[in-house]
Amino acid sequence: MFDILIPSLVDGLLLGFVYGIAAMGLSLIWGVMNVINLAHGPIIALGMFGIYLAFTILGLNPYLALVLVAFAGLVLGILIYYVAVNRVIDAPHLSSLLATFSVNMIIIGIGTAIFTVSPYNVDFTLGAVDIGPIRLLWTRVAAALAAVIVTGLLYLFLFRTRTGKNIRAVANNRTAAELMGIPSSRVLALSFGIGTMLAAIAGGLIATFFPFTILAGGGYELRSFVIVVLGGLGNPLGALVGGLILGSLEGIIPVFMQTSWVPVIEFVLFVFIILVRPSGLLGSRV
Amino acid sequence: MTALEIKNLESGYGEVQILWGVDLNLEEGRLTSLVGTNGAGKTTLLRTVMGTLKPWGGSVRLNGKDVSNLPAHRKPDLGLVMVPEGRQLFTSMSVEENLEMGATNARARLKLDDNLERVYELFPRLKERRDQQSGTLSGGEQQMLAVARGLMADPSVIMFDELSLGLAPVLVLNLFQTLRQLKGEGLTMLLVEQNVHMALSVSDYAYVLSEGRVSLEGPAHEVASTESVQKAYLGI
Amino acid sequence: MKILRKPGFWLPIMLVLLLGLWPVMTDNAANREVVNSILVSVALASSLNILLGYTGYVSFGHIVFFGFGAYTGFYLMSEQGWPIYAAMIMAGLVPAVLAYLLGSAILRLRGAYFALATIGINEAARAFVKNFDPLGGSVGMQLNFQIYNDYGGAAQALWLTYYLLLGVTIVILIVSYLVRFSKFGLGLMAIRENEDAAEVMGVVAPSAKTRAYVISAFFPGIVGLLFFFKNATILPGDAFRLHLSIETIVMVMLGGAGTVLGPVLGGAGYQRLRGTLLVTPLFRNVQLVVAGVLLLTIILFIPAGVVGWLRYHVRGLRRVLE
Amino acid sequence: MKKLLWKLFIVLALTSIIITACAQTPTQTEAPAEEPIEEPMEEGEQAEEMEEAEVPAGEDMTATTLTLGYTASLTGRLNVSSGRQDNGLQLYIQDLQDAGGFEVGNEVVTFEPLFYDDESTNERVQELYTRLATEDNADFLISPYSSGLTGAAAVIAEQYGKVMITTGAASDSTYKLGYTGVYQAYTPASRYLAGAVDHLKALDPDLTQVAFVHENDQFSTDVVTAAKDYAESLGYEVVLFEGYDSETTDFGPFINKIEAAAPQALLGGGHFQDGSTFARQLYEKGVDLAYVALLVAPPEPDFAELGEAAFGIVGPSQWEPLAEFTPESAAEAGLEWFGPTGDEFVERYVAAYDEEPSYHSAGGYVAGLILQKAIMDAGSYDPEAVKDALDAMDILTFYGRIKFDTSAESHGLQIGHSMIYIQWQRPSGELEKEVVWPPEGATAETIYPLP
């Protein structure tokens, strides 16, 4: 039993860190502006393609390219905010859901025109190390590490810098923030940018070990929903914890039943938590 | 010298007009109060002056400069600050972070440390609780924090919306003491209050707003002694 | 019957009927296929409108009922040998019962939480059916071709499903109209505007919402069965496609949520646009982009949709466009 | 006011889109020929149906062009194999056009392709085949690639009474649904891995434990279900039998299960993309297996891009360039020979596409050949006559023997053709495919056990 449980759990946890980063972006945007970003998946996919292009065309090391991808994600997010979200930020939920969904359609459409829906692969490996019965792939470990670093930086940013505090203030009470002289639109745009940046980073990390298509973000977006609800809507650290929970579930469930039951359990759990504890298991808010 | 000059201001929500041409002047260094019943348009006036509501007509001049159409977040930079009704704290942030957020404009940011010291002097309770999450403070402490946060913006004109709402009388008394002290330091203040008695007792000058218009104005003690005001607001 | 004299009642029905009779007149299978896909869209959009448009609840899981109804009917027909008419009734009833059970649980949720829950239900349903062997699991189910012989051969069977679909679509439109102009519908719209206020005014929100949910769930299942009976094959991925749910919302918004005519125009317009772009070399890849830009424009500038906008700005049309 | 005009403009634009979109339908159906054809073949644009063309051999012959309708997965997860199949079919049509067509009665018949990209999705396939059968009115249909998509397309073909030659679609179940006009070029799925089980038995009689991990689709499920029964009948213990979703990119959970169950042999996989990923991750994780046979992916030349991860992987193949079917072997077996030889096919394919054909390419080509032969035998392109000819067909081509089941319960199933098995080896340092099973066709010894 243990000879399968331990490696499965390790695999799941390592992935969980990356899931966490993806969910953190969704969670941040929700926490700051009460918007569920349905363009989250395609942005994850764009992150994957960003790494792919930087790696195959520019010949960059994927981890170096991640910085570029992050920056591009930030800019893209800010752009999306001003084009699609700013106008409906105070409208009913349906408006922002559909506005971000239309961005989803636009990105997928353009992405399909450029990359088609065929799979791509970043042919990159760092080798592996054997620890007892467990074989750790360095790309996975590096991704988990990167996730931890990104989370750390995000927290430093949110709690130690003026801009970060502005974001928290706007998230907490937008009217009051305006009265204090904080330009809330700009802060919201930046938060949206950071949210999409996190999604792009997550996508980039995933691209270093799994093949992907322009549609591949969808699965990670759905996972992000589950994680965000597990960790508490709007709670970025909760997202990381939620990611680890989901990762270990994905690791452990297959030990006991057919792997194809994993999504059934995930989504039943998801609906159940929304019904019973909509604020999430770990409480909410930035 | 007029610090804030409001002329013929009109405003409202959607298609409903609330303000029908309000004139109001805040003289520098004076504590002015604005009283009126619920629905008279007091909060609408403050929102329009701050810029969270767009004025339909008329003008707002701050230290001689037309600021009628500036958005709210540009006002603190020019020295105009509002302490909103219901405190509107950043409840998930600490006391000190709230104060820090008050000092968002460039001017205030330079004086952050000095001002912090000053408000801690005014409200020693806040200093004791500087690292506490502001949402967990008591009602009185929260109101202190709201006032202190406003002061952190280093304002030349500060407006208080319903400062006394929901506070025990003794706390109200303390807060108004503080206002007197601030007046002594030369701050221009506008006090919007339902607690008319209290407001008039500390103010220099007063306006009475009813149905979106100024129905009465004058030195506070004169207004307080007007028959209509005594009947309507002071229950005399 | 007073409603028989209302132009707002007749207009959508006549539109659908005219469109529906066109392939019959031309006796052309290609035209029938075009109209068939339009009718599916119109029927789905109109049924979703009862929940989304009238009640204001954003369901991303409308397609769950389409899928479950289709699977139910498909199973009864292919494994139990039921005739299509009986299977259609069950294909409507089973999702309706499901909606009743689900509704009492999830309709308590508001706004984004409700939307998220419906996404979760859709995904859970799909994943479950993939694992559920009696319904074919991940490889789905296929009809034996002989089944068409019961209806006079494949060609006849395709026309039959077409007529049935046309009939179901018109029934949905009638129901949609009746709901909108009933006291019940008024209650729903009160919930949409302000649920708490509606309750104060005496609308029993939970039961009204559940009823709206059940009504909106009854028809997609029948449409689903007809759709997959025609295709003779059903797979979990096709039956519970989240994307189709969202496209249905787009159709409703495009035409005008909360109106009877809106989903008809939105469904027909979106489906035709899609059909045209799909096989146009230049536009095939940008099909989604065009649809996305269209949607974004609607959301940002005319959230009431085409019909809603016309009603608001052209007074004379108010009595005609409902 | 300005705002209102702006909005009015948008509304008008939207309504006009909707109206034009609706109004467009009649014009389209009245003149289907005007419909833009997606990515037509080189000559496709000029060629109109039943057009008079250059007449070979003098005489009073009319030229007839028949439309072959199909979809190909130019994009999506099936793109690699489907692209090869499409290449093969297009090469066949090109060869036929170059040869000036074939004679049927007093007509010279050539084919013309009409195809769309189905993006590897079921939903698209049904929509597009309906269109091919109705609006485009294709004369004959060729299947898309993969059993799943073909299953969806076959219904449509049958509903509209079109004859469809299926290729790249091995699943048995499609042919058990009562169809009468669907004919399979591939060896059925149920026989895909049976040979691998025999191969394993011959390699190592002591090996007892095998695992099956397969894609959860129609084809792979049909394959492994049959192979599992066969393996168990030979006394193997199946220690793991599990399916994965077609979109799976993370095989971690399956690999962990394989390691825990510790079988000596692994059989399974599905299609190219998932199979390649599976092989790569098995290698990365250093799973200890003596024998690995995966479906579809290994025989594709692109599989070599996996490098070391490809080494030693066995795969069932419908055809290999090394396979030797000749007019002589046809004579020996008493079968009629039809079409080019294997060498000719490979040569033309390499000339046309500058790459080695895979069995999917051969499958595409042979689908056209089968149809041509049937029309020639029937002396007509009337669907019923062509069906009779297909029912009676028993020929040998470069691709192998072609003969269809004519029983009512599995009509159209391929019963003439058989599989071979390849393995990636390094005969001269470079990764190369070698035929390792059956022994009579083998070009190299099997590498066993895997290092």
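All chains are identified by letter, namely A, B, C and D, in their written order; residue positions are counted from 1 within each chain.
Keep in mind that, in the parts below, a residue touches a chain if its C-beta (ideal position, glycine included) is under 8 Å from a C-beta of that chain, and two chains touch if they have at least 3 such contacts.
Every value quoted in this text rests on a predicted model; they were computed, and no experiment measured them.
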{"item": "Chains touching both chain B and chain D", "value": "A"}
{"item": "Most distant chain from chain D by Cα centroid", "value": "B"}
{"item": "Geometric centre: closest chain by C-alpha means", "value": "A"}
{"item": "Centre-to-centre distance between chain C and chain B (centres being mean Cα positions), rounded to whole Å", "value": "54"}
{"item": "Euclidean distance of C-alpha centroids - chain A vs chain D, Å", "value": "38"}
{"item": "Distance from chain C to chain A - Cα centre to Cα centre, in angstrom", "value": "32"}
{"item": "Two or more partner chains touched - positions in chain C", "value": "130, 138, 294"}
{"item": "For chain A, residues that touch 2 or more chains besides their own", "value": "112, 258, 260"}
{"item": "Interchain pairs in contact, sorted by label", "value": "A-B, A-C, A-D, C-D"}
{"item": "Complex contact set, residues of chain C against chain A", "value": "52, 56, 58, 105-106, 108-109, 111-113, 115-117, 119-121, 123-124, 127-128, 130-131, 138, 246, 249-250, 253, 285-296, 299-300, 303"}
{"item": "For the chain A and chain B complex, residues of the former touching the latter", "value": "162, 165-166, 168-169, 172-173, 175-184, 285-286"}
{"item": "Chain C-touching residues of chain A, taken from the complex the two chains share", "value": "30, 34, 36, 83-84, 87-88, 91-95, 97-99, 101-106, 108-110, 112-113, 222, 225-226, 229, 258, 260-261, 263-264, 266-268, 270-271, 274-275, 278"}
{"item": "Residue ranges of chain C in contact with chain D within the complex", "value": "19, 22, 26, 28-31, 33-35, 37, 130, 137-139, 142-146, 148, 154-155, 158, 231-233, 235, 237-238, 241, 254, 265, 268-269, 272-273, 276, 278-281, 284, 294, 297-298, 301-302, 306, 309-310, 313"}
{"item": "Contacting residues of chain D [partner chain C, same complex]", "value": "4, 6-8, 10-11, 14-15, 17-18, 21-22, 24-26, 28-29, 32, 35-36, 38-39, 116-117, 122-123, 126-128, 130-131, 134-135, 148, 151-152, 155, 158-161, 173-174, 177-179, 216-218, 221, 243, 245"}
